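What follows are several structures.
Next, two complexes with chain A in common: one pairs it with chain B, the other with chain C.
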Partner chain A sequence: MKRLQLQRWSSSVLSPRARTGGRLQQHLYYNLRRQSTVSPAPQAENEPLFEEQSLNSSTHIPQSSHFKYLLPSPPVEAARESAKLAALHARLYLPSRLPLETLARSLVDASADSNPNFNNEALATLGNDLLSHYTSEHLVCTYPRLPLTVIFAAMYAYVGPKSLAAMAKEWGVEMAAVPGGEVDPGLLQFKRVLPGTDVNAGPVTGTERPNEHRKSWRKSMTSRVVYDNEYGDPVGVSGESATPESQNTQGVTAEHANATFVRAVMGAIYLHAGRPAAKRFFEQHFLSRHLNISDLFNFSQPARDLSRLCARENFEPPVAKIISETGRKSRHPVFVVGIFSGQDKLGEGAGASLLEARSRAAVAALKGWYLYSPLNVRVPSSMEEEGAAPWKPVHVDLGEVIV
Partner chain B sequence: MATCLTAPKRPFLALPSFVPSSCPSITLQTRRHQSSYRRTKQRLRVKPDASFGVSSTQFHDQIIHNPPSSAPSVYHTPTKFLPLDDVRRTLRGASMNNGNSAQLPSVFKTSVEKRYHLNPSDIEEIRRLRLSDPMTWSRWKLAKRFDCSPMFIAMVCEAGPQKKEIQKQVLEAVQSRWGTKRRMAREDRQLRKESWGRDE
Partner chain C sequence: MPVQGIRAVTTARNGVGAFILPCKRLDFHYCDWAGSSRGMVAFLKNTLPSFAKANPQIEIRVSPRPHKHPVIKGHYINGREKAVCVRNLEPEQIFQKANLLKEASGEKLKRTKKPVTSINESVRGIWSPYHGDLKSV
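After this line comes the complex of A and B, so read on.
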């Protein structure tokens, strides 16, 4: 398979000299603002230019400092002077093809700079799509029988905004108190919400779900795949994808800004260094985080579900049997109960009463069913590598037990 | 230090526990070994299990696998749940199959065999009786008459709204007599029951 020429795409997304006059505020200094993160090739040309500027910068000090204070976010030239930014680039071991200017741009939230050529909104959109694509294909291929609720919970745990915000904190990204042109570009720039503002006020409206005003209607799990976002939460105009105008007036939370930054870094790596580097970054930073999927389950009637499962799969009906017990007449008895289908043991659980042990054994058996993982798991995106073996279809079966 | 070294060891027979208890003055001292840290420790020093040592027949290096007793991992899929084309099904073979499952006692004393003996006309009769006179025809009485479980009665029909209202009032009257201790104990029991499903 031939690799796509990513540099072409990146130039169209980053749009170095594009000016959309209607949306921009009409200021004089906007004529001076230039995007310089085009692609690696023109960037080499930029460097001597930059040295020239630094040589005669002493003559322009009063003018440039005044100019800086007018800008909503740090100028592009400042990225090369920031020690924080270079340190972050080195700490994350980012590919050298990703210039510091793009890293600085990924630190500017849309609430700080509403100009789409200078904020990270486009990068974050791309990064979010990549993250949810890689995570969902990993989950679905590794655990083909997972119920949808567990997939949603696992997606939220891997690439949800809370995890991404924690990740940005672990990367050592500090937040600027107030965004502005004079701020170090190595700080995360966003406009904060006022303290005391209720960020989750009101129900989510503007979703594509039909009859959304009917509060009492049941929202099925499968409809969430179609209408809701990748975590199964409703997404509307007042949700995460709020309009930039409302974000400019209200500001965003620190969690939202941090999550957007991490997504933007992912998108920037994809644009500048290509798909293999983005995949590697995803595996090293996101997939390497430990998530115990067996903790995400919550069964209300495990014994009933298990008997339905055995009936569906044409197994013998499950029978609970006592494997061992101690202290039946004492204050703290322990029973170990196994659930057998025919001769085979499906699950085993220990508890202080026979009912508890049986219930826990049924939970263990159901988890054994749901957490089946095939050997030699391959994900569809592994076919993009050169010289990949022919694709074999992933395991698909009836999966979830529906009672 | 020197005195410690030169002090003669007490003879073995002079230890209080080995002296015959005929002498009454020693009975006070017999309890002393319980308070002695060294002796308690000595008694707890158990010889390791035979599987830990080097077996007499095998002198070369070996791996000792002696895991502590613990619940089996849920990531270990039972052989029955593996799909037909999975390699592990044949790899495990019959080694995992312990044949003594038939001799194990059941959790429930009587295993109820499902009979499916009621036909649709019986179910119509159950519904009619329950709606006509819900006070006499309770779930238990209907179950006794039709020789099925009260669970089945609840599955096929529902009580009338008046009966539900009465039952709700009865429940409220009973619960109003509960004190804090009983109420908390019942709530805790419910919470514990919910935690079984989360495997906590």
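After this line comes the complex of A and C, so read on.
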């Protein structure tokens, strides 16, 4: 498989300065606000319209010593002079092909600068797609039997906004009090919400789900795959299109801004350094974090689930047997109960009553089933590497039991 | 609902995968007049450029602090800071102090009693009194 020459492609699309006629245009528009990396997607299609678009979208800036104070976010030239930004670039071991200007742009939230040529919205959208793609393929291939609710929870744990905000903090990213053109570009720039604002006040509207006004109707698990986002949360379509305006007035939370920054860094690495570097960055920073997936299960009736599972897999029906016990008549009895299917012991648990021990044993048996992980797992995106071995199909399971 | 997912947050393991240096900023304060800053001024003139070049991941600030002893302050990822007074020290000693701040984790100093600290589960498992041989009284 031939690798896409991303660097060449992205440089021609991303930076108007890197073009051949750049010097002339610079001379013509020298007092315009310019970006060295422009959002790639819309311009890639209508290449000839590019110059007019950049001309129209850029705003006239008076060339005075105070012009910095008029800008909503730091000018592009300031990125080279920021010690914070250079230190952050080196601290993350970012590839040298990723310029400081792009890193500075990924630090500007849409609430600080609404101009899409200068904020990180486009980079964050790309980074979010990459992150959810890599995480979901890792989870589905490594644990093929995980129930969908647990996959949603694990996705949230790996690339959810809480984890990403924690990562930005561990990367040493500091936040600017108020965004502005004179601020150091190494600080995360976003408009803060006013204290006392209820962040998740109203229900999400504008989802594509039919009958969304019926609050009491059941939402099936499979419909969540179609209508909801990667964490199983409802996503508002009309709400998203309205967000830039509402964000400009209200601002965003620090957690949201930090998560957007981390996603934007991922998107920027993909654009400037290519797919292998993005994948390596993902494995080193996201996948290396610790998550105990067996803690994400919450069973309501484990014994019933286990008997349904055994019926589906044509095992003998599960039988709970006491393995050992102590102090049955005392204040602190302990029972050790095993769940057997024929001769095979499926699980074992200890509890202070027979029922508790039995349900713990059933949970252990169910976790043993759901947490099955094949050896030498390969993910589909590993085929993008050069010289990859031929693909062998991964284990695909029937899925969770339906009760 | 047969099984529900519980939302959690992954925990960082710095050094597993990527390593982020905990020291993010070093502030060097000196005084132009006082004699206790003589070593610090020599350090800033001669050693600091190479130190900064060797540690690009640390933001370095140099600022005068008149009529005070020279100080190096380290700012860390966990939000804490460490300050070392370097009055009357030679440039080599100041370099050692800067290295000490660079390599520190920013945590409070504490005594480690166990050889290994880990968030991974024990491979061998925890001893259980209800398993193994039954003891007859």
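Couple of notes before you dig in:
Methods note: the second predicted complex is superposed on the first by the 345 of 403 C-alpha atoms of A that agree within 3 Å, B and C clash if a C-alpha of one lies under 4 Å from a C-alpha of the other, contacts with A are read in each partner's own complex, and residues count from 1 in each chain.
We adopt the following convention: a residue touches a chain if its C-beta (ideal position, glycine included) is under 8 Å from a C-beta of that chain, and two chains touch if they have at least 3 such contacts.
Source: prediction; values computed, not measured.
When both complexes are overlaid on chain A, the residue A:Phe297 reaches chain B and chain C alike. Contact with neither chain B nor chain C is seen for A:Ala254 once the two complexes are overlaid on the shared chain. Once the two complexes are laid over each other on the shared chain, residue contacts for A:His285 go to chain C alone; chain B is not touched.
In the superposition on chain A, A:Tyr156 makes contact with chain C only, while chain B stays out of contact range.
If you count the residues of chain A touched by chain B and by chain C, you find the higher number for C. Contact with chain B, but none with chain C, is seen for A:Pro374 once the two complexes are overlaid on the shared chain. Judged by the touch definition given at the top, the superposed model places A:Val394 against neither chain B nor chain C. Contact with neither chain B nor chain C is seen for A:Ala277 once the two complexes are overlaid on the shared chain.
Once the two complexes are overlaid on the shared chain, A:Val403 sits against chain C while remaining clear of chain B. Once chain A of one complex is fitted onto chain A of the other, the partner contacts of A:Val235 are absent, as it touches neither chain B nor chain C.
Touched by chain B in one complex and by chain C in the other are residues 295, 297-300, 323, 350 of chain A. Those residues of chain B lying in contact with chain A across their complex are 71-72, 74-83, 86-88, 97-99, 101-102, 104-108, 111, 196-199. Across the interface of their complex, chain A is touched by residues 1-14, 16-18, 20-21, 24-25, 56-61, 77, 119-121, 128, 130-131, 134 of chain C. Interface residues of chain A facing chain C in the complex, by the touch rule stated above, are 83-84, 86-87, 90-93, 147, 149-154, 156-158, 160, 162-163, 166-167, 169-172, 186, 232, 283-285, 287-292, 295-301, 305, 323-324, 326, 334, 336, 350, 366, 370, 400-403. Contact residues of chain A toward chain B in the complex are 294-295, 297-300, 302, 315, 319-323, 337-338, 340-351, 354, 356-360, 363-365, 367-369, 371-375, 395, 397.
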